[in-house]
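Each remark here refers to the structure printed beneath this line.
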């Protein structure tokens, strides 16, 4: 409770809701609307139709959705483990080494996705690591692109969890791993969920690197959507995007259930 | 991996439902039992990827547009191969060394919105009219294949690179902004967001069912002549691919008369085999559009050589405003 | 060994069979610094196995820090800490086998009350049926059985504190560190918790307790020995009774039991035990517990409750002008001015307490008061 | 108006010129629920301007909740809250012009001590030079001057609590809500803080204080009135002395001052004031403050300190077997069994306290003890 | 003896604990720093290492133009994200309205939409024949579209703000859920109004999250490629776009690598500046930076 009086609360909403609608409601709405459109040459579309959906369901878009979801979950999961691990391990460091290592873990997000794609393609098309043409390279690319997010979020969370709780846990006989599992990680959970959600969503939408390296048979939704929109089939692209959005939303909703249970208020 | 073949292809032929690729892949697998693995990207992207993967080549067959196919050939990414029926393809449609062959023919063009404009702009000069301010867009040379083609066309129509660049510089006043994609412009023209954009015949024709407000046109140069050049999808066998034998079968199949006869009706492009003469409406329609248009042939080797400088010169020219 | 039903055998298996002194706590010259600030100076103290030692001292004197050093939450910058015969100075907290209640409770916010209490048991790998039995036992001990399913944020301050106590007791540690564990509780629960602690101590004779409190009656009730801290140093240490009766120095006398310290002169020992001194122009007698030398100056330590109203002619009698009278339920607090010294006395509640400005005479029993050396430690 | 140097004029300008009753606190049938749980039931209480009222009660009885309702942190589900004549039930906390110390201090962790104390002044838009003057004043008041530059995490528990008090006092609120503000302090500082509060109250006669404590002597020392809570209800309310002397019911008697409640029968009023009753086969006399009817059964409330050792033949005398003897510094606590009732008594420290099992006789002054009606409220 | 033990003992403990950093570091080294190393090597030319390409690139006006736009867009978009994200999260967490949770989740979903789709949606909304302009032209009978910012730097910035605000909001919301409610209550009882509470209590508490979110946002916006490419704002070129066209369109891998290296340096430079700024504004006090 921050705004105590009803009129002010309503005033706040009166500003917030339109802001939200303009910035987020409109773009999402337009894409969803486009997915049902036959033509859109006026203010509003005409010839509302479901034909794009029936087309989408007939084609291999489900393989693409599956590829996207799997890539997202696996890459975000790996990034979560790696980022959390790194953030926790970095607690043992102080001052200069800490800053340097901190920077190292942020560097992956300092490289444009195009460069990441190129670099991976070059690096993993030559010995000793021959991974091009396999699903691995896509997973690696997504992992690299999102690893800094999990790391950053977990680090932010670690700065805020109370030391007391961890110390008391230790005094109760909790060894580091047990303490980590039962106290540190649960206290971090809101941040872990935030990190996973972000990186998952980011991975679901990744195109720049994926399009450069994806192997045959592992076409992610954005790659398909890109192919469609690049050739002007925007309504079909919007349809696929809606499917992508709904898929992501479902996963995020499940995650936020987890996070609600963890929220400490 | 006996029963597979990998194809890297520039986008365009897998569009629509049904699509020409879709049909042909199914037919090929049915005939040979070989499954096709397909990777689609921009016309330069596929070549770039092939180059980067050189030490662990994944592709068996490459399909892309000029000048990028020529680039692949020059970089030694392609293997010479004489497919069945190679003799039925015109000399100007194939590499002298037999490294690549045209598969689907196509021509760059312009489109306009028929709702807003009563008739197509007649000349390139007409495009400089202030009424097109912010209402005209073309895909950017150096970023999109069709954009590069449009630059080459301007060079040709105005007689020299200098004059062509001069025109593009003036055109920049009306240009909405750069675009990496040519295909998305069609939708914008259809919607009326743009009045004029560039494109190519195969793609625009394929798009016209979903975009009823667009129409193809060829503006005339200062000499009053309408000109265009062929921008075919080339097919080639990749050097050192994992399944070269299957690759050969696929090249043979896609250049076979059976496959070629569907090109105009399904892919909305022109077949390259001299012995294939389709009689569908679209083929007639395509030919009708080309009537009065003089077809010229760029020297792709030269184009390739100077491409980097030309793009730089173009960027220099348009940033002048 | 006799046990009450809810005190089962400690399940925490010590690696080495618990020697009888396995639970001694020893500080050897322990110093602790925070940055440039030293908050514990060469602190030395031993808590014998099975003993309860209370640490008292003003706010900020380093009591919590001393406890945290035993728990392993701070690393001493010098000295050693022993638990039993082990030097634990560099041992991680989880290897020290202690139970601790910290000043702000630090309950785990994401766990229900019962999960909080079960935490230590689980961490020690107790079997599920042991936990099922032990957790309700501990909750019952602190009167929180009905709150087992609540989250800490849904409890009142005192309820949280009780959960913290239950959590520390659950794994039956050999060493218990309590940092003001009853500070948020009312007198009634506090008493019943003290009873529980005393009972626990009877049932587990090897349980060693180091207990920080700011409530002296708590310390006196529960502890065998009391340590008085000030500015990170141990100023006094001794058996509860003797420390109260014969404080070794001014600070200890004032801090524990708020003694009156009357400056007296010319000590004249009478025998082994007693001495005569001069206070202004009256002669007083008192215990010379610290063996002060003839003729020296010192302080006589008189507890507020040692005074009785008297006729001025009685021995050991002083008189003064009443400065304030305050009723406090079970006592009256009176201050009066005797020869320039402000003296505090308490008496049982009176129907007619003296009025401010009235002159009163009070006396005390010579055997109850002690001479304390004058020291420089108190400004 | 006379002021001590460090109490400057309150700068908080009330919108309306402060009426003399501008600082009354009123609860009118206030109910508070957390989810399905009602923790305050139709709570009604008035704190008159300039008064100090202490709220006491067992842990979890709703004391904090009542304070939070006045502060505006929880919205009552029913009833009204008044400050002065304003109905503040729906007012935001920042419009209520209160000062509050919460149970866990809630210092702002990212601000230095001095910034914490200055917070309220800044929020009220005080001028920078006023702040410069007032903050050191307040820090001095709680003895924290040397810690002005520290962060809260670098302070001990008691130090944090003192900062919280300084922070609440700094803006000189008219209404002060204190939730166990001295719980982490030792007796000495606690006394000096109580003195400061009393002084503050003398200097700001309109300051109204609602004070939650679990320390009854604190309540009795400081408060004009005391409210005793239980299970979210006000069980007793009255002037401190009268509530202690004549508790209206069993719960109040037991909770405040831990009275012995001996079940007696056959009340025989002697006059307006006194009555005779039977306890087993002895006759006792006591004050009949509540005017109990002839022949009824009731309880006689005897404080532990009301007992004196006596010969068995004295009036108002009972005898019993000693169950326990506990020395607590300034008192001896003794429990004995009298006709099946466990009775507690305290006496001044004795050289030879009775031994367990010994039979003792004690008596009390009839004017000091009160008859209390038997009620069903206590299981 | 005792002193020796004290001096010696902590050291090995620290070293053992430090080893925990090895696995993630190793993973990152193989999967990221090795490829990155190849790029750096390639930037020095294919045969004899030289700085020629660097010189050439750094002097070119196109590069400088790109550099300028990259910085302007990244800094403005990040600032916008920080402000918008902070406001929206504050409202969702502290002044929740019915459906606020859902709104929060919907915002997350925006990240999942490929960036070019957001730009497409923008065209439909803010384009000259888009929802907004058509409506305005209709209502006010205008001849020319009144809203015309989409194909400029501002369009790019707005699009990036839309896409990246969730990166601020997520960690912020997580932090808000752990703020001690009692602090807010006490502050308000001391007379602090919501704005002051936000400024003095909530903002400092959310600094770690703002640091994390803002850093990521900054790095993402410096490296954003899709949005710039697909909006096609006139005269707006950024470094990632340059890399793309050099590498893919012009087959000039060396130049692309050079720009990539510069881009990394730029990203890290901006990142460090941002961190310094945060530290200056109080992060160090809270023991964060």
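Each chain carries a letter (A, B, C, D and E) given by its place in the written order, and its residues are counted from 1.
Heads up, the rule we're going with is that a residue touches a chain if its C-beta (ideal position, glycine included) is under 8 Å from a C-beta of that chain, and two chains touch if they have at least 3 such contacts.
Each chain and its UniProt protein: A = ABC transporter permease subunit; C, D = ABC transporter ATP-binding protein; E = 2-aminoethylphosphonate ABC transporter permease subunit.
In this text, all values refer to a predicted model and were calculated from it rather than measured experimentally.
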| item | value |
| --- | --- |
| Touch-network distance, chain D to chain E, counted in steps | 1 |
| Chain located farthest away, centre of chain D as origin (C-alpha) | B |
| B-E or A-D - the one linked by more C-beta pairs in contact | B-E |
| Distance from the mean Cα position of chain C to that of chain A, given in whole angstrom | 55 |
| Centre-of-Cα separation between chain E and chain A, whole angstrom | 14 |
| Inter-centroid spacing, chain C versus chain B (mean Cα positions, whole Å) | 90 |
| Centroid distance [mean C-alpha coordinates] between chain D and chain B, Å | 89 |
| For chain E, residues that touch 2 or more chains besides their own | 120, 188, 205, 244, 247-248 |
| Residues within chain A bordering two or more other chains | 1, 4, 40, 118, 122, 229, 234, 264-265 |
| Interface hub residues of chain C, defined as touching at least two other chains | 104 |
| Residues of chain E defined as touching chain B within the complex | 61-62, 65, 120, 123, 127-130, 148, 151, 229-236, 244-245, 247-252 |
| Contacting residues of chain A [partner chain B, same complex] | 39-41, 55, 58-59, 118, 121-122, 125-127, 130, 132-133, 211-217, 227, 229-235 |
| In the complex with chain E, residue positions of chain D that touch it | 12, 68, 71-73, 92-94, 96-100, 102, 104, 106-111, 119-120, 122-124, 151, 167-168, 171, 177 |
| Chain D residues touching chain C - in the complex, by the definition given at the top | 34, 56-60, 63-64, 103-104, 154-159, 162, 179-180, 183-190, 214-217, 220-221, 241, 244, 254-258, 303-305, 326-331, 346, 348-349, 351, 367-368 |
| Of chain A, residues touching chain D in the complex | 1, 4-6 |
